[in-house]
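There are two complexes below, and they share subunit A, which is joined by subunit B in the first and by subunit C in the second.
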Partner chain A sequence: MLNFIIRKILMLIPMLIAISFLIFLGVDLMPGDAVDFMIPPDALSSVDPVKLEALREELGLNDPFFVRYVKWLGNIVQGDFGYSLQSGVPVAELVASKLPATLELSIAALIISTLFGSLLGVVSALKKGTLVDNALTVFGMIGVAIPQFLFGLIMIMVFVFKFQWFPVGGRMTPGSEFFFMRLDYLVLPALTLGLSLTAGVMRYSRSSMLDSLNKDYIKTARSKGLPEWRVNLVHGLRVAMTPVAVLIGFRLPMLIGGAVVIEQVFQWPGVGQMFVMAVRSQNTPVVMMVAFFSVLIVLVSSILVDVVTALLDPRVKLS
Partner chain B sequence: MSSQALQKKMDDLLYKEDHGLLKENTTSRTLRKILANKLAIAGFVVFVLMIIMCAIAPLLTKYGPNAIDLRNRLSSPSKAHIMGTDQIGRDIWTRILYGGRISIFIGLGSALGAALIGVSLGTYAGYRRGMLDSIVMKVSEIMMSFPQIILVSILVTILGQSLWNLLLIFILTGWPSMYRMARSQMLSIREQEYIQALQAFGIKGHIIAFKHMLPNAIGPIFVNITLSTAMFILQEASLSFLGLGVPLETATWGNILNVAQDLNILREAWWVWLPVGLVITLFVMAVNFIGDGLRDAADPTQVG
Partner chain C sequence: MKKLVLLALVLIVSVSLFAGGATEAAAPAAAAEWKAMGTPLADVRIRQALRYAIDMETIVDTIFEGKAQLAVSMTSPGSWLADGLNDYAYNPEMAKKLLKEAQWPSDYTLDVVYYYGDQQTVDLMSIVQQYWAAVGVKAQFRKLEGDLAAQLWVPPADRVNGPSVVKWDLAYAAVAALAEHEFYNRFDSSASNNSSLPKKPALDALIAKTNATADVEKQKVAFKAVQKEMSENMYNMPLYHQLSFIYTSDKIDLKGGKLGNDQFSYDKNLLNWTTTRPDGMMYTNGGPEEFYQMHAVNPGLFLYQEILFDRLVNADENLTPTDGLLAKNYTVSADGMEMVFELRSGVTWHDGKPFTAEDVRFTIEYSLQIPGLNAVAVTTYSSIKGAKDFLDKKTDHISGIAISGNTVKITFDKLDPNALLTFSQWPVLPSHLLAGSNPVTCQQNAFWQKPVGTGPFKVGQTVLGNYGILERNNAYFLKGTGNISKIFMHANGENDPNLQKNAEGGKIDYAWSKSVQDAKGMAGIKGMTVNPVNIRYTRLFYINQYPHPANIK
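After this line comes the complex of A and B, so read on.
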């Protein structure tokens, strides 16, 4: 097992180098460079072009591509991710300050979608063909077809404007930073992101539950005279949860993408919102770091999925 | 059944078999299964209807998609404007129809483009294996490890915002999943014996791959194209909402929705964003139903 994990992590390294190269290449192709952003456009005409060139030289922007890439990679390995072109704050610091908000939202959404998704999926499978099952299936179909942000807008429309139960956006009112005091800010974004991911989990857990209910060992359990709930929940559920565990891992990229959109809808001050602003203003160091880290999260989570699957299902062989 | 009747039945079968009539029956099996699937049919009807409505947009509305009418800003649905107008007085119904042209074009076009690249690469590499396959596989692995929206946003800033760039970006980010699907199909098909027979005849690799193997994988490919169409339409909408899609002055479904970022419009003028949001949802649902129907129909283990 340990061997397997170590091998997976070692395989990650060339992959990450390739991805870092691609990201650097991509950002290098973005129009404008750091100097363009240091000087406001209206002042640009009055600045001596020779001085601009000297500044570029000093910052190393005129070095050959590969030299800049190796320098950049070296900095990253040492934990130096450059500075935001807008505020001058180190990118690492900037991301670190936004990360708790995004983590809070993502974890809440992950819990909501796992809970609702697997629960409703199992209910749907146990009640296969009934009204409950059909209703849930229809909800699932609508759930995968509705744009996430539209769902968020409808939530705002209903629960903020109509019923006025929740504040309209943001993360907290000044002075009440304590978690339970700002919980009302979290409810809507977390529900929106969570419920929009629920449909996929529900579909998946329904079919894997149905699958495992048809297996021989379920019949064995039933013929032993075990009560029906024990057959379903203890014997069926455990194996049915394996693919659902996989799905949690695969939900992470969707979760990152979803967070980008949902943070925008609810003005949630997280990494996603920062990323959108950075892309709009071509704040390259910030864009690079967010891209790099989102890939890292996806890759690491896929390793975790392999490991968890192997732990849950003894039939899976690690190779 | 008497032995005579059985004899006659066998004779009938033999006759049909000899004259190639049986084959016709088996090919229509997929079609029969789709036709029996009510949701898929409903989806298809909605899909076609919406495309027709967008195509004949000038007949269904007397306004232009970008005709500004400052005296009628944010007017609620009325006889003159059946879905009201937006913040600079453009008719919403008109913009939904014209926007549909672009949004559907982006969705379908990206899915077909991604399929063209992904499937050709997957078919050939899946049959040949070797260097080409492992290189393309690695590239697709790298591309798929990016969360879609992050990769797309970066590409949008590099290439700039325009309709054709968006199409190109969707194709660039969409082919890896098509490639993987086609490749895995090929890997299972190439184990079948008729492939060995073809190879023994000395038929060229690309002919085996594209002419003899690809048609057997066409079912999953079509399923994938429909589901990707739905996905790209949703992506266009989210990108436009973030302000990274097609330039805002072009009417697309996503761009119409973009104004809902303004809290006043969100609160006071539901007709600007809710109808178009429902149209997107309806269209995506219709396409998904078609895709699900195709999948069930192409799956031989499902009884029709």
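After this line comes the complex of A and C, so read on.
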């Protein structure tokens, strides 16, 4: 297994270089540059173009594409992620300031979706064809179909405007910097994101559990006289969770970059919002760092999924 | 409902298009005067016809739901607007007649550009296209992306004969003006951003008169003459004036403070405002997302820009300079060529350092080198004697700024009618924190992560991208009778997508926007009042009258 992991990690390097090049190229191909975003269009007509050129020069935007890319890559190797073109703040510092918010939201949502999804999926499989199964299937359909922003707005209307149980948005207010003091800010966005992901996990674990329950080793376990709960939960669930673990593993990176909508609806100051703003303003160093790490997480998750699959399913061997 | 009305409008216009088709088919085909000039848009009749063909009144009532004002000039209604200007009210028959007279080439397709991505603009462009089609004018609309300055505002080398450098027939744009001069100076033949109007000596002379006096009444007379000339010749096509909307909650009392143009800076009487919130907090939006925005382009777009810093001179809600602020008093010479500011003593920056006359000199010299500095400020600062030598690095300081103790004397090389306005809008910056830094990358300076001013509020706890808190500056030289001790700013930038949500949740006491949709939504929120305010903000079509071949063949 160790050899497998080392080999996979070594393969990451050329993949990261190739992907980073493509992202850099993509940002470069967008019309305009960061300076165009700094001056509102209505004010552009009266701005001295010579001074704008000086700003471009100062920010290094006039260098040829390959020079800029090689400089960026060289800096990355030395651990320097550059500076935000908009604020001059080191990108690493900028991302570090947003990452806790995103991780907080993502992990909470992942826990919610994993627990609820797996549990309801197993119940649905065990109660196949009953009212409970049908009700959960409908719930799953709705969960998959309803857009996150709409779900978020409904949650706000009900729990903020109607019952006034939670704040309207944001992550904290002065004096509530500690995690447990600002849990009320986390509840709604985490529930919205978590529940919207629950449906998928539930459908996945249901079908996986059903598949597992039809296998020969389950029949063998039953014929040996094991109690039903033991057959289902120990023998059935363990193998059934393998594809679910794969799904959850691949959701890790999605939770980092994919919480953009939820962050917007709940004014959650995370990486997603920052990334959207950076793309709009062609803030290349910020775009590159967030994209780079998203890619890295995808690739690392893929290795993790392989390892977890091998651990969960005795039939899988890493080679 | 709005969509239905819009659909009905499109249908009506489409029907009239079919009705009008036969008439246009009979029009003479070619050999028109415009051919000699290189573009049909050089013919005033065609420009007027395009305006007569648009029913702006209906557009304002439908697309803008009545929350905009029809424009007959760049100037908004009020004392600066000339009486009796042609309003070019919707008259498709007149449009057809003028087009026929001018022998509009029916095979010509107008190339119209715009750069806004909002739905209202798209709706407006669609309906204008239909209106023009109804009188037999084909037009294609396209959204510009990327380097807008290069695509929109580059003038030709030859300001008389062209040819045009920009590649469009009409450009839909907006002018947000601090001073009337911003509306019209751009049509002068020497203007660096005049890409569409060839030299018109009569217009140049009239524009020059508006710049030749600092006397407001004389300026008004001069501007009215410019408006008349522009309107008669339809050198550009003003469409509507945008309103701004200020939202106030029933938790705050402005204590007689006037509401004005929140795109810029004016005395809001904030120190006297009161709130019924027990913690003395006032909630607003526009908090910093990645940094506090410097003042170069917009000196008062965000509330914090107004109250963290002070100006030499106060302005009222109409942006008219009123009395001294950092300047205890000031004098302007009769010819407007000299200003003397006597500064308040004992004023300190938020970090406790003393405010001095050197800060005033530093601010002017530093700001003059910032890219993107608003044209009004650029004109004022570069009109100071010795400004050019300073920029050319021939001198260490601008020679026209003389300091003596607490007094700053500014001598101008040429008259700038808006100099006092500039000193009422652009604040004084702390030399002890910014001196030695590169003004070209001013916004990237760490200073703007937690700026230090002399204003009535100072930066408190800030979680960029989440919220910013401003705290009342108890050392401020003016006290006030209000009880607002802190201001909570949601970090939502200029176009706040969460404004209505936060207001509904009781977390907005004061905010503003230019969005008709916001105004409509906020009007339905209990405890919120929507206050429409006239501002100098005009949407228009620039008309490219320089010779240029048809873009769309």
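As a working rule, the second predicted complex is superposed on the first by the 279 of 319 C-alpha atoms of A that agree within 3 Å, B and C clash if a C-alpha of one lies under 4 Å from a C-alpha of the other, contacts with A are read in each partner's own complex, and residues count from 1 in each chain.
Everything that follows uses one rule, which is that contacts are C-beta pairs under 8 Å (C-beta built on N, C-alpha and C of every residue); 3 or more make two chains touch, one makes a residue touch a chain.
Keep in mind that this is a model prediction, so the values were computed, not measured.
J.: Under the stated touch criterion, which partner chain does A:I146 make contact with: subunit B (first), subunit C (second), both, or neither?
T.: So A:I146 only meets subunit B here.
J.: If we overlay the two complexes on their shared chain A, which of subunit B and subunit C does A:Y83 touch? Say first, second, both or neither.
T.: second
J.: Can A:S294 be said to touch subunit B (first), subunit C (second), both, or neither?
T.: first
J.: Which of the two partners, first being subunit B and second being subunit C, lies in contact with A:K51: first, second, both, or neither?
T.: In the superposition, A:K51 touches subunit C alone.
J.: Where does A:V260 make contact in the superposed view: on subunit B (first), on subunit C (second), on both, or on neither?
T.: In the superposition, A:V260 contacts subunit B only.
J.: For A:I156, select first, second, both or neither according to whether it touches subunit B, subunit C, the two together, or no partner.
T.: In the superposed model, A:I156 contacts both subunit B and subunit C.
J.: Could you say whether A:L94 touches subunit B, subunit C, both of them, or neither, answering first, second, both or neither?
T.: Second partner only, subunit C.
J.: Quick check on the superposed pair: does A:G170 touch subunit B, subunit C, both, or neither? Answer first, second, both or neither.
T.: Only subunit C; A:G170 stays clear of subunit B.
J.: Which parts of subunit A are in contact with subunit B and also with subunit C?
T.: Of subunit A, residues 30-31, 156, 161, 168, 264 contact subunit B in one complex and subunit C in the other.
J.: Spell out the part of subunit A that touches subunit C in their complex, as residue ranges.
T.: 30-33, 35-36, 38-49, 51-52, 54-55, 58-59, 83-89, 94, 97-98, 101, 156, 160-161, 167-174, 264, 267, 269, 273-274, 277
J.: For subunit C, which residues are in contact with subunit A within the complex?
T.: Residues in contact with subunit A: 115-116, 145-149, 152-153, 173-176, 182, 186, 192-193, 289-291, 297-298, 369-375, 378, 438, 440-441, 443-446, 448-449, 460-461, 463-467, 469, 488, 490-492, 497-498, 501-502, 504-505, 507.
J.: Which residues of subunit B touch subunit A in their complex?
T.: Going through subunit B, the ones touching subunit A are 138, 141-142, 145-151, 153-158, 160, 230, 234, 237-238, 241-244, 257, 260-261, 263, 266-267, 270, 273-274, 277, 280-282, 284-285, 288-289.
J.: Touching subunit B in the complex: which residues of subunit A?
T.: Residue list for subunit A touching subunit B: 15, 18-19, 22-23, 26-27, 29-31, 141-142, 144-150, 153-154, 156-157, 161, 168, 253-254, 256-257, 260-261, 264-265, 275-276, 279-280, 282, 287, 290-291, 294-295, 298-299, 302.
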